[in-house]
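Next come two complexes, and both contain chain A; in the first it sits with chain B, in the second with chain C.
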Partner chain A sequence: MRTMSAIASDVRFQIRHGFYGVYVLVCGLYVLLLHNISPGYKEKTALLLTFSDPGAIGLILAGGIVLLEKDQGVYDSLFVTPLRLREYLIAKAVSISVISSCAAWAIQLFALGFPAMPVHFTLGVWLTSCLFTFLSIGVVTRAKSINGFIWLSQMYSLPLAVPLAGLFDIGPSALYAVFPTNGSLLLLEAAHRPIPARESLYAVAVLSAGTAAAYAWAHRSFEKRILSRVGEGAAR
Partner chain B sequence: MIQVERLEYSYPGAAEKTLKGLNFAIGRGEIFGFLGPSGAGKSTMLKILIGVLKGYAGSVRVLGQELRFTGPDLYERIGVGFEFPNFYTKFTVLENLNLFRSLYSVPTEEPMRVLDRVGLKDAARLKVSQLSKGMKMRLNFCRAILHRPDVLFLDEPTSGLDPVNAKILKDLIKEMKAEGKTVLLTTHHMQAAEELCDRVAFIVDGQIKLIDSPRELKLRQGRKTVRVEYRKEGEPVVEEFPLEGIGNNKSFLQVIDRYPVETMHSQEATLEQIFLETTGRSLS
Partner chain C sequence: MSYRALLRSDIRHLAKDPMLMACLFGPLAIIAFARYAFWPLAEWVKEQYAFDLTAYTGFVAFVLLTTIPLLTGVMTGLLMLDERDENLIAYFGVTPLTRRGYYRYRLLFPSLLALLSSGLYLLASGMTEIRAESVYTLLLLALEAPCIALFLVAAADNKVEGLALSKLCGLLFVGPVVAAFVPEPWQMAGMIVPTYWPAKSYMLGESREPVWSVLSFAAGLVYHVLLLKRADRAFARRMD
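On to the complex of A and B.
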C-alpha cells in the first residue's frame, strides 16, 4: 500500500515538473528520425535509441528527481513516516520504468511496428530502466549540484556502455558477457528478431544481477548520505 | 514515554563527543523543552530521539522501545516537525497531506479537519510554493499530527513566526498536552519555552546543566522583592520592597496609598538570566 502511494506520488511529481511533456516531445523527435532513416540502419538505430533513451532514461530522471526532492527538503518530512527506504527506491524504479516502457513501445510501434518478442522487449526496457535508476540514485547521493551529478553520472555509467561496441562487431562477444547491459541489448534486440531461450535466460539473469547490485549500492548510499542527514533541512 | 540514560554520541571522525552522558525522563502528557544555543547538541539529541541516529552509547527508550533496534514503524506512533517546513512544492496543501497520510497504517485525521484547526482550510487547494512561512509552519504541524501520535517532537516550532501564528501553534501544542500527548520541543526562544513547557532542560556543550519547571526555576533564582515605579512630586521614583510580610510593610503601603504607581512587578528571574547564570553562555 505504501509502495503504491509512493509510486502514485512519484508519477504526480514527474508530471508536475513537466517530465512527461518533455518526454513526449523527445519521443516524437525519435519517431521522426527513425521514419527518415534508410531501412538498412533502422533496426540498429532503433536499438541504440531505445537502449540509450527509454532504457537509460532512469539515469537522468532519477537523479533529477532526487536533486529536486533534496532541494525541496522533502526527506525531512518523508523519512519521519513509516515509509521504508526500499519502498521509496522501488517506487522510483517502477514510476520511471512505466514512462520508459511507454516511450519504448511508442517509438517501436510508430517507427518499426509490433515487436517480434513483446515480453522480452518490455522486460529489457523495464530492467534496464531499473538498473540505470538505481545507479543514478547511488550517484546523485554523492553529487552536490546538477553539474556534479551530470559529470559523475557519465563517469559511473560509462562502463555500462561498453557492450555497445559489440553492436559494431568490435572485439569478441564473450568480452561483454559480464556486463548487465549486454543482457539489455539482447532483450531489446528481441524487438526485431526472436532470440533463443538460452540467450533470453542469460540476458535476464545478467541484467537482473546487475540491477540487484545497483539497488544494493543505491540503498547503502542513500542510507549513509541522505537518511543520516534527515532534519538538517535542505530547503530554506 | 521517554527515558534517556547515560546517552553519549560522537559523529564519525569527530575528536570530541557531541553528547556527554545525558540522563532524563519525560512522562505522559508533559511538554518538555530543551533549551540551548546553536551547537549545544539539541539537534543531535533530537535526531537520536526520533531514531535517525542509531550509533549512540547508553540507553534511549521511546514508548518502551530501545531506539537503536527500532525501524520506521516507530513513526506510526511519534510525530516529528522540523524547524524548516519542507513539502512537495508543486503539490497542493491537500495533496501533500493526503500523500503523507497514505504512508501510515494507523488511523489518521481527515486532512480538512486538521487544516481547519490551524486556519488553513481555505488554502487547501493552493500549491505549497504559494504559502507564506507561517502557513508552511502550520502545515508542518498538521503533517506531524496527522496520524495522532503519542509523542510529538518539534524543533523550533515558533521559529520565524509572527506573534499571531506563534500563538496559533502554541495553542495547538497545549491542546496536544490536554489530549494526553507528550511533546518534546527544542528551542532557543525562552518566551515560548516559558509559556509552553512543564519542564525545561538547559543543554550546553552536550551536557544538561539543569532540569526543572520554568516556574520553580524563576522563583528559586529570583529576588524575593517587589519593584515599584511611582511618581513623587512629579519625579519618577523606583523602590524595591521585600515580598515577605509585604501586606504589613508600612513603607510599601504608604507608597501605594499616597503616590501614583506606574508599574509594580515581583522580581523573579527570567529563564534567560537563569540560563546565563547556570551555563555562562547566552542563548542567541
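On to the complex of A and C.
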C-alpha cells in the first residue's frame, strides 16, 4: 500500500515537472524520423532509439530527482515516516518505467505497428528502465552537482552499451552474453520478430539478474551515503 | 564577489567538477572523432551496408558542429540551475558582482567556448572547408550556446525540470536536417528552429551562394538576438 502511494506520488511529481509533456514531443520526433527511414534500417533504428531513450530514461531523470530531493532536505522528513528505503527505490523505478513503457509503446505503435511479442517487448522496456534507474540512484549518491552526476552516470553506464556493438555484427555474440543489456536488446527485438523460448528465458534471466544487482548497489549506496547523513541539514 | 573572484572560483571548481572539464574536452573529442573516426567509419558502413556516408559529409560535419554549442549551453544552463537551487544567485546578487553581472559572466563562458571550439572544429576536423562564410556560422553558433542556457534557466523551475527540458534541446538537430533534406517551400517550417539558420548559412556557403549565405546569416542573427532578449526577460522575471 505504501509502495503504491509512493509510486502514485512519483508519477504525479513527474507529470508536474513536465516529463510527460517533454516525452510527447520527443516521441513525435522519433516517429517522424522513423517514418523517413528506409524500410531496411527502420527496425534496427527503432530498436536503438527505444533502448537508448525510453529504455534508459531513468539514467538521467532518477538521479536528477534524487539530487533535487537532497537539496530540498526531503530525506530529513521522508525517512522518519514508515516508508522504507526498499519501497522508496521500488517506487522510483516503477514510476519511471511507466513513462518508459508509454514512450516505447507510442514509438512502436505509431512508427512500426503492434509488436510481434507485446509481453516480451513491455517486459524488456520495463526491466531496462528499472536497471538504469537503480544504476542512476547508485551513481547520484556519489555526485555533488548535477553536471558531475551527468558525467559520472555516462561513465558508469558505458559498459552497459557494449552489447550495442553486437547489433552491428561486431565480434562474436557470445562475447556479450554476460551483459544485462544484451537481454534488453533481445527482448526489445521481440517487437519485430518472435524470439524462441530459450532466448526469452536467457534474456529475462540475465536482465533480471543485472537489475537485482543494480538494486542492491543502489540500496547500499543510498543507505551509506545519504541515509546515514539524514539530519545533517540537506543530507549532503 | 567580483568577476575575477568568480573566475578564480570557477577555475578551482574546474578540477573538482568533471562536467566542466567535459565542457572543455567534449568539443575536443568531437573534433578527434571527425578527424580520425569519421572516414574509417564511412568505409566500414560502405562495406557492411553498401551505404555511402561520404555523400553526406557536409551534413554530418554540421550535425557534429551543432553538438558543440549544445554541450556548452546545456552544461551552463544546468550549472546555473544548480546554483539557483542552492540560492547562490541570490548571494551573488548582494555582492559587487550583482545578479546581472553574474549571469552576464555565466553566459559569456559558453559563448566564448562555443566560438573557440567551433572555430577549432572548422580548422581541424578535416570534414569542412574554410570559407569566408564560415565566420557567419561561427557567430551564430556562439549565440546558440547562451540561448540554450538561458532557455533552460528561464523555463525550468529546478534542475529536474532542467534535465527534462535538456532532452528537448535534442530537437535542435532538426535544424540541420531541415536545411539539408527538406525541399524549399517546406523549409519555412524549419525556420523556427534556431540551428536551422547557421546550418542554412553554412550549406549555402558550401554550395557557392555567398549572397544567400549572408542573407541567411542576417536573418539568423536577428532571430537569435530576439530569442536572447526574450529568454533574458523571462529569466529576469523569474529572478524577481
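Keep in mind that, in the parts below, the second predicted complex is superposed on the first by the 234 of 236 C-alpha atoms of A that agree within 3 Å, B and C clash if a C-alpha of one lies under 4 Å from a C-alpha of the other, contacts with A are read in each partner's own complex, and residues count from 1 in each chain.
Basically, a contact is a pair of C-beta atoms (placed from the backbone, for glycine too) under 8 Å apart; a residue touches a chain by one contact, two chains touch by 3 or more.
Values in this document were obtained by computation on a predicted structure and should not be read as measured data.
Looking at the shared chain after the overlay, A:151 reaches chain C, while chain B stays out of its contact range.
Legend: residue contacts after superposition of the two complexes on their common chain; A:61 is shown touching chain C, with no touch to chain B. When the shared chain is aligned, chain B and chain C each come close enough to touch A:17. After overlaying the two complexes on the shared chain, residue contacts for A:213 are found with neither chain B nor chain C. Of the two partner chains placed by the overlay, only chain B lies in contact with A:83; chain C stays clear of it.
Shared-chain residue A:168: touches chain C; no touch with chain B.
Judged by the touch definition given at the top, the superposed model places A:116 against neither chain B nor chain C. In the superposition on chain A, A:29 contacts chain C only, with no contact to chain B.
On chain A, the patch touched by chain B and the patch touched by chain C overlap at residues 17. Residues of chain B touching chain A in their complex: 43, 46-47, 50, 52-53, 71-73, 75-76, 79-80, 82-84, 86-91, 95, 99-100, 102-105, 140, 143, 155.
By the touch criterion stated above, chain A contacts chain B in their complex at residues 1-2, 5-6, 9, 12-13, 16-17, 72-84, 227-228, 230-236.
Residue ranges on chain C touching chain A, taken from their complex, read 16-22, 48, 75, 78-79, 81-82, 85-86, 157-165, 167-168, 170-171, 174. By the touch rule above, chain A contacts chain C in their complex via residues 17-19, 22-23, 25-26, 29, 60-61, 64-65, 67-68, 71, 144-148, 150-152, 168-169.
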